[in-house]
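As written, the chain order gives the labels A, B, C and D, with residue 1 at the start of each chain.
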Amino acid sequence: MKEKKFEWRTAISKVEPNKIIIRGYLLDEIIGKKSFGEVVYLLWKGDFPTKEEGKMMNALLVSGCDHSLAAPSADATRFVASSGVPLQASVASGILALGKYHGGSIEGCARIIQEGVNESKKQNITLTQIAEEIVKRHHQQKKRILGYGHPYHKSDPRTIKLLKLAKDLKIYGKHCELAIEIEKAFKNMLNKKIILNVDGAIASIMSDMGFPYKYGKGFYIVARAAGLVAHSIEQQEREKPFKAVPLDQIIYDGPSEKNL
Amino acid sequence: MKEKKFEWRTAISKVEPNKIIIRGYLLDEIIGKKSFGEVVYLLWKGDFPTKEEGKMMNALLVSGCDHSLAAPSADATRFVASSGVPLQASVASGILALGKYHGGSIEGCARIIQEGVNESKKQNITLTQIAEEIVKRHHQQKKRILGYGHPYHKSDPRTIKLLKLAKDLKIYGKHCELAIEIEKAFKNMLNKKIILNVDGAIASIMSDMGFPYKYGKGFYIVARAAGLVAHSIEQQEREKPFKAVPLDQIIYDGPSEKNL
Amino acid sequence: MKEKKFEWRTAISKVEPNKIIIRGYLLDEIIGKKSFGEVVYLLWKGDFPTKEEGKMMNALLVSGCDHSLAAPSADATRFVASSGVPLQASVASGILALGKYHGGSIEGCARIIQEGVNESKKQNITLTQIAEEIVKRHHQQKKRILGYGHPYHKSDPRTIKLLKLAKDLKIYGKHCELAIEIEKAFKNMLNKKIILNVDGAIASIMSDMGFPYKYGKGFYIVARAAGLVAHSIEQQEREKPFKAVPLDQIIYDGPSEKNL
Amino acid sequence: MKEKKFEWRTAISKVEPNKIIIRGYLLDEIIGKKSFGEVVYLLWKGDFPTKEEGKMMNALLVSGCDHSLAAPSADATRFVASSGVPLQASVASGILALGKYHGGSIEGCARIIQEGVNESKKQNITLTQIAEEIVKRHHQQKKRILGYGHPYHKSDPRTIKLLKLAKDLKIYGKHCELAIEIEKAFKNMLNKKIILNVDGAIASIMSDMGFPYKYGKGFYIVARAAGLVAHSIEQQEREKPFKAVPLDQIIYDGPSEKNL
């Protein structure tokens, strides 16, 4: 059997002795000139954003930076931190929690919205019609539309602010419009107030910035990493080791005691 | 046995219906006004940085954002991504690699430097003397000083730029000075050119910004998360699934074949 | 907003002071009487296996215990181990690689086979017909059937042995039969020799033992954990820290150097 | 700069087309002949155990298989599972929790005991004297001896059974003896009943079986992986998505609300 040589291609960055290039730019020239949010954009999209997009990028990351212990990611990080592990291990544990039901809606919602805007162009129909079709389809299939609704926030303060900012920065486009049309369709068709949550807002805005939907979770991964670092260190500094659910809050409902 | 109630304290953030507070500030007021780097500082230090510190914070994060496949973290992320997993799982795998020998030097170096500056004050001796004592001690114990030397970069372009920026922003203080005194002591005492690498530069500057050393790895965790997202998505888009070391590059040197 | 009390139900096990119960049995009575394979069966299926099933369970775990560095999981574990992390962190990194393309076929193949056997009963048609229908459907959709084919092994020695053992132990049933009928259908319909690989063999046998398909990856997670522990310790004992792809094997094909 | 070829050595296993060798043995010959516990021993120690050691190996793995939700590992796994991730990601999250304070005592205790037995030989003093020296040293330094004491079990049923089995199987040797001498020294010197817990029992027995202490966590990693698979699947089958600490059980004690 002929083996391929072990090589690896990348278009992201290049390392040479005394030289690091990110998407064509010298890293040491970037340092001090660009904010971290702008460099995240560079890494993911291949070139630097405009000043407005750079500001929006920072805002998107800021919006996902922490949600206290009211999130499975922070809870996992703190349990693992309590077990006596290095910082990166407890943070990785929390990042693993950014699954389908926790941050994953960004990707899912961005996909729905990006496909919706494409359909609208291809079929030459209005975003209102697309929105109604999306709500109808999900309602018939008894599926939630990702990026809508929130267990705690009936009006998500992050959404309101992000959308306003996107308008001020002239980034608000067809994807944000469709996202809001879906909110309206919930009201008009089902008589329900189901809000665009922060995941949905990030999804709409990143779509208007031209990010493919598969980058969706990336925003939360980077942003929440910062919060999880804080939670891990606080846990180890202020709490006792070995945090676990107390015995009297565990309800055993398995088979009763029996002989081998 | 009396069980404690399952409660959890935190001073990081507070979530109420329609309201999220980070270290006392309303998250929706922060969005759009502060860069992500400034919010990382807020999360970790408890209040916002000055404008100069905020700029430095962004620069520190930018400097660690990626190092191509020449880093175990990116390699781990790409192997795991090739196995067909969601984004957060491959990124978490790379973050796990930010151990003692990869990013971990920030914490280790910051600790040496923070203890050194403290000793200098307590014993009223110069940083040059402290630096010589540190080099001597490590030399006698045949231990590397964390944050010095680099396999590829004989002159680390990131270090040079970060230290210059720290001076321009008036952040450069006793910790950076001590870090440079150690470089000089290598030269004077051992006649060796051993450079302060990017980990050491981040360590010195974060120390002058007042971060306890245990936050050291945090800078890499957040920064590199951005690069790892790019590597994971590039791997899944451009390469075939199931990347593994080819058979003819694995050298088996265990026991030869034998019967059970 | 009324919050639910923080309680958690489980039917797996119960901990009381000086007493641990697994699925109804006292753990200290199990220790020494049952093999680990039998206890894995207990944990997942809710009661102990017959002696034959217990033997099969051990064999299934043994078959997945290691595959040298020719697997993304071992590679990820070794890169992460080289970075200087505790054992559990490097092993967790490898376990993360047990995704869709690496071990994930057990679940995928078990699902196809379990649904096939159900269809066969419901529609009262032969397994041969079901097999042909499955091959035809995947061929038309240009999809691989999970659990078939292998990059290195044209005849997988683990498959042959596991199926023989399943026959000897009277565990071989309709699911194994269907798996073999699919192999035959490849030959008859497409004139291709596409073998049932070890993932497919585990999938078929676990199905005949009554495990729902979602336990599929579990066999690899437990089994490979043992191999990954060995790889992690060997890496740290025999190799230098900070393993990374060498610079001259990284092919950069991104934008050429440009000014900011 | 001359780069080394990218090769990797291993003495664990060898993969050739149609052939897999583990520590010199053909994997397909092992399948069905050896229990999983015996193969774990093979992977870690390099050759097969005696029949008695194989039985002990299985017992050690069985003893660590699960501890309900009263363990940070299971809790982390369940939070992460609730977020909608594949099985390996939630299990990896739990494995990450096997740190210094959760399973890590096996390694720590084995180290103390292995060093103690070595000292006893070198200095030709009794294990009782060594035990007293260990208790005295830890008491003076105000440090716990790893492997002793348990939050729930004043008499750990797993310890009692494992030590009895080690005696029956003629594996009980100087390391187990020293472990018990330490229990006695607590009583005699400090008048405290501090029991050898299950971590300490595994540590003592694996030491008498000749395992270096760094394999200590490996026993828990493999064993608990089985329990964590059960917890992850149960969580996703029986509970709602997005488990998080309820808002009213999070006590915020950070700065009160203030303006930006």
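Note that a residue touches a chain if its C-beta (ideal position, glycine included) is under 8 Å from a C-beta of that chain, and two chains touch if they have at least 3 such contacts.
Owing to the predicted nature of the structure, the values given are computational and were not obtained by experimental measurement.
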Looking only at C-beta pairs that count as contacts, which pair of chains has more of them, C-D or A-C? C-D
Chain at maximum distance from subunit B, centres defined as averaged CA atoms: C
Centre distance in Å when subunit C and subunit D are each reduced to the mean of their C-alpha atoms: 23
Taking each chain's mean CA coordinate, subunit A and subunit C are separated, in whole Å, by 30
Subunit C: which residues touch two or more other chains? 1, 5-6, 8-17, 26, 29-30, 68-70, 85-86, 88-89, 92-93, 96-99, 104, 152, 245-247, 249-250, 252
How about subunit C: which of its residues touch subunit A in the complex? 1, 5-16, 21, 23-26, 29-30, 33, 46-47, 85-86, 88-89, 92, 96, 152, 245, 247, 249-260
Contact set on subunit C toward subunit D in their complex: 1, 3-6, 8-20, 22, 26-32, 34-37, 39-40, 43-44, 55, 58-59, 61-63, 65-70, 78, 86-89, 91-93, 95-99, 103-104, 107, 152-158, 160-162, 165, 168, 214-215, 217-218, 221-223, 225-227, 229-231, 233-234, 238-239, 245-249
Under the stated contact criterion, what part of subunit A meets subunit D in this complex? 1, 6, 17, 68-73, 75-76, 79-80, 82-85, 89-90, 92-93, 96-102, 104, 151-152, 241-247, 250, 252
